[in-house]
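So, here come the structures, one by one.
Two complexes, one shared chain (subunit A), two partners (subunit B, subunit C).
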Partner chain A sequence: MAKLDFDLPKLGPNLEIPVLQPDAMLGDGPFVAKPDHQDKLGFPGELVDDWQQVAIDKMGELLGKYRSFKVYLDSCVKCGACTDKCHYFLGTGDPKNMPVARQDLLRSVYRRYFTFAGKHFPKLVGARDLTEDVLDEWYNYFHQCSQCRRCSVFCPYGIDTAEISMAARDIMDAVGKGQKYCNEIIGKVHKIGNNLGLPEPALIDTLEGLEEDIKDDTGIDVKLPVDVQGAEVMLVTPSADFFAEPHIDGLIGYAKVFHQAGISWTISSYASEAANFGMFIGNYENMRKVSQRIRTAALELGVKRIVFGECGHAWRVAYSFLNTLAGPFDFLDNRYPVPQHICELTNDLIGRGALNLDPSANDDKVVTFHDSCNVARASRMGDLPGGQFEIPRAVIRASVNRFVDMADETIRDRTFCCGGGGGLLTDDLLELRAKGAMPRVQALQQVVDDHGVTHMAAICAICKSQFSKVLPMYGLPMDMIVSVHQLVGDAIQLGTKD
Partner chain B sequence: MSIEVNGKSIETDEEGYILNLSDWDEDIANELAKEEGIDMSENHWEVVNFLREYYDEYQIAPAVRVLTKAIGKKLGAEKGNSKYLYELFPYGPAKQACKIAGLPKPTGCI
Partner chain C sequence: MSVTSILFALAFYLATAVLVFGLLHRIVDYARTPAPLKIPTTPAPTTRSGVVVRMAEEVLLFRSLFRANKWIWLFGFAFHVALAVVLARHLRYFTEPVWLPVQLIQPFGIYAGLVMVGALAMLWLRRFAVSRVRYISAPSDHLWLLLLILIGASGLAMKFVAHTDIVAVKAFFLGLLVFDWQPLPTDPLLLLHLTLVLALMIGFPFSKLLHAPGVFFSPSRNQADDPRERRHLAPWAAELENR
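Right after this comes the complex of A and B.
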């Protein structure tokens, strides 16, 4: 592993509230989008001349559109419940990474331009002018929020810092100061259909290679079909599943599930991405445009069901917003959830005895599960409350014999972010990512020590990539992080039912 | 930003990926590798050359699995895994090897 040029927080037996380190994470923020990246998304290429007025107008527009945004800005009583709940605060000690302080970066400007007291007596109410320094501060600290919403679970008013950080990013894009990582990626989705910029021939070549691998491993012809007209299911999965490790083993797992259950399915080369970074930048138009690809592909292929692969924020967009962004989906088979999560599909098949799983195939592992934030706190699965927690665990338990949960206060709706969510999974934020992973890694290390846990499963492409990168920094093996459907794929006994 | 190679200035992005793919040659690769702290061996070149061939055909870097398989076929099965690739390119084969091969940085949730 390459040498780090920063100090990692120490993992203790308990998660300690750090000593405050003001300005520890002061900086210029991640790389700024180039004019070319901005242009493709409909944003100005660089900071516009009258940026201050544009920003205030944009804030006014968002306040008018989103009642929640205004309520969040008005209702904080500074109780402090959120202060020690953010993984970036816990990992960096920078007080501006306390959720309330992050909100106040924007709230202070809101007060100055949109409240009576702030307009006339700014000093009395902590209102401040929107200066270039303030804009720079926004850029830096609103790119230190992974929009994981853990703080909102503890806020007595339910203030959602994620929504404030999304609004801040939308305002910054409107004035021409976007983030390179997110905006370059969204441009690729608009042009090619996925975050990687993976064109159709490369997608097909990759999937054919995987079919060969499965055949070599199992002797069975398992297909990974692309653009099959009239297939029952269209699988929409993060493009990282086609490209990265350990994601690709999850993709192989989905294929084996479809194969054994005898469900005809296809991937679309047009909608070859589940992720929707339009949400990370808080921009409705881009989020909608990305979502529309899924609708178009489903109609063109004539499928009956849409199933989402393992991708955290994609599932939030799919579960919570897809119907309004790209619906109505009255052309799909409404006997199934629209859309359906791959874990729901697999769990349902397990319940009906349609899969033959031998958990002893995973006896070399003791597995724990990392709840991904957008699945845990912004969506649901199945028919029962808490299904988003129980269904993935049920799938894992059916596939492995030894499963252990991490500490209660770090799982389910109180799960800690991996440290790379919300559009921060970029090398220019590596220090933040490494430090922000500390609370999760602390809980993981505890079950490694106490229960001999060897693997952590997840259902989010970002979580998987982030952990592959940061676990080795904390002395844990890179390949400790696995896809839930890798476990399924290894347990499934092909050739016994088909 | 730019790097100097053989008296010529080669434009790069903020992270040191060269901007014009056609600028690339072996001297530039050696210079990029040096900045990454990598001493290019024959095995490094096998990876870099494969990446460039694949990119020529598909306009994208290969998936890690495609790369490991190809390297396994060329250099022997014991080298066809990502552990071996990480030994060659400690920052990660996808990003670091692409940089040296003069290809754009792969983007996404990777």
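Right after this comes the complex of A and C.
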């Protein structure tokens, strides 16, 4: 591996709270969007002349539209409970990565322009003018938040820094300072249908190749259908599932599940992407537009159910927002939840005895599970609160014999983000990603040492890509990270039920 | 009637008006601002009654804070409980006859006052001693703690150091309630105590003390987790659908 031009935090036996290192992550932030990327999303191409006024007006607009934004800006008492909860702070020591300090970058401006105390006694309450330096600081540090909501779990008022980051990014887009990575991708989704810009013929080609691979492997004709009218299920999955390792093996797993259960299904080439980066930039209109594709595709294909593949932020938007953004879904089969997660589907099939799984097929592995942040803290699976923790674990346990959880304080709703969520999975933020992964990797290293864990399963495309990249930096094998449905796919005994 | 008594009487009316209308204004504003998306921090209750339980755990026990940091929880919780007892104890200055529960807690009020000042002192110490908390503290964060400590200390001083004429104090406040003004004793400790309380009342609606109403309006805590079952649509978002 190429030598890193930064120092990685050391993995200790325990997760230590770092000493404050002011400005450790000072910088220009990720690449700024080009005018062309901005235009496609309806944002100004570059910093507008009266940007201060535009920013303040936009802030005022958001304060009127989002109760979360207003209440969170007012309510923080600076108790400090969140200060040691962010993986980016733990990994970098930069005090501006403490959740409350991150909020304060924006709160200070809110106070100056929108509160009595800040207008008249700015010094007293830490209020400040919106200057170009402040804007640059926002751009840098609001792109060091993966919107993972870990801080919100611990705050006595539930203050969610993700909401502040989203609002900050929306304001920055409104003045013409967008992030290239997110905005370029959203443009591709609007135009082509997926984050990769993979057109329909290429998609069909890829899937046919996979069908052949499965046939070679198992001797069975497992289909990966595209745009099949009248299929029962439309699968919406992150486009990484179509081409990248280890994601593909997850896709193969879904296909085997549908095959053995005898459920007719299809992928839509029009809505060939589960991820919704509109959430990352905090822009309701873009998020809505990206969501509407899914409704349109379901209507056009005449499917009865919508199932989402393994993707963390996608599942948040799907589970929590899709009904709002693109509902109502009364044209679908209401005996199933809309939308349904692939783990919910597989778990139900396992419960009904519709799948023949042989966990000994995975006996070469000792598996642990990484709770992806947005699944864990912003969604649910099944009927009971916490189903998002139990159902994937149940699916894994049905597919492998040896399963171990990581330390309690690093899983379930206290899980650590992989370090690449929320629109940060770009190489121009590699240092941040590597350092932010430290808390998760530390817990992983512990179960590797104590229990001989060989693989970590996840249900998020971002987590999978991020870990493939950063695990080797910490001396762990890149292929340690696997899809939950890869485990299912390997355990499933094709030809025994059909 | 001394000028001091008249000034204080007027100040209390003013401060009460600022506190009540300031808070009402904020609360109405929070209530009117839509929450366009379902964002409960999960796992979250799936029903409204479940939300009431979750909120009660947060407001009465500070559950999230307990999970976050035992020290902050201990001092924060002790302060708030003690404050509640102290406030209840002070009801004796506003009621005649004094309600039975208020009579019963009188002996605890003094201990509560001591706990309150002690917990506040520890919270303040943290602001200096823990570098992370020092970093996030603005001057106003220190001043609020100082103000509360001085209120508590001046109150306790009237119990332990220099008594005031509490019968006259009670007559003053009962008089205020029925607009029949009575003279206020003028010992400096009492005037200091009351002046600080006036400052607290006036500052409350313009400060971080808004966390008190704010916690009830926090979408991550007060929303039920039912987005698949029920379609949630804010008025401004509904308008987008008609375009």
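Everything that follows uses one rule, which is that the second predicted complex is superposed on the first by the 498 of 498 C-alpha atoms of A that agree within 3 Å, B and C clash if a C-alpha of one lies under 4 Å from a C-alpha of the other, contacts with A are read in each partner's own complex, and residues count from 1 in each chain.
By our rule, contacts are C-beta pairs under 8 Å (C-beta built on N, C-alpha and C of every residue); 3 or more make two chains touch, one makes a residue touch a chain.
The model shown is predicted, which means the values in this text are computed figures rather than measured ones.
Of the two partner chains placed by superposition, A:452 touches none, neither subunit B nor subunit C. Of the two partner chains placed by superposition, A:60 touches none, neither subunit B nor subunit C. Counted by residues of subunit A touched, the larger count belongs to C, out of subunit B and subunit C. Using the contact criterion defined above for the overlaid structures, shared-chain residue A:302 touches neither subunit B nor subunit C, since it reaches no partner. When the shared chain is aligned, no partner comes close enough to touch A:351: not subunit B, not subunit C.
In the superposition on chain A, A:240 contacts subunit B only, with no contact to subunit C. Listing the residues of subunit B that touch subunit A in their complex gives 14-15, 37, 57-60, 62-66, 69, 82, 86, 90-92, 94-95, 106-110. In the complex of the two chains, the subunit C residues touching subunit A come out as 26, 29-30, 33-39, 41-46, 58, 62, 64-65, 67-69, 72, 76, 126, 130-133, 135-141, 143, 206-208, 210-211, 214-215, 217-221, 225, 227-228, 230-234, 236-237, 240. Those residues of subunit A that touch subunit C in the complex are listed here as 17, 19-20, 63-68, 70-72, 74-85, 95, 98, 100-101, 104, 115-117, 123-126, 149, 152-160, 163, 284-285, 288, 319-321, 323-324, 327-328, 337-339, 376-380, 383-386, 388-389, 413. Interface residues of subunit A facing subunit B in the complex, by the touch rule stated above, are 1-2, 31, 181, 184-185, 188, 194-199, 201-202, 205-206, 209-210, 213, 238-240, 242-245, 248, 275, 311, 425, 427-428, 461-462, 465, 469, 478.
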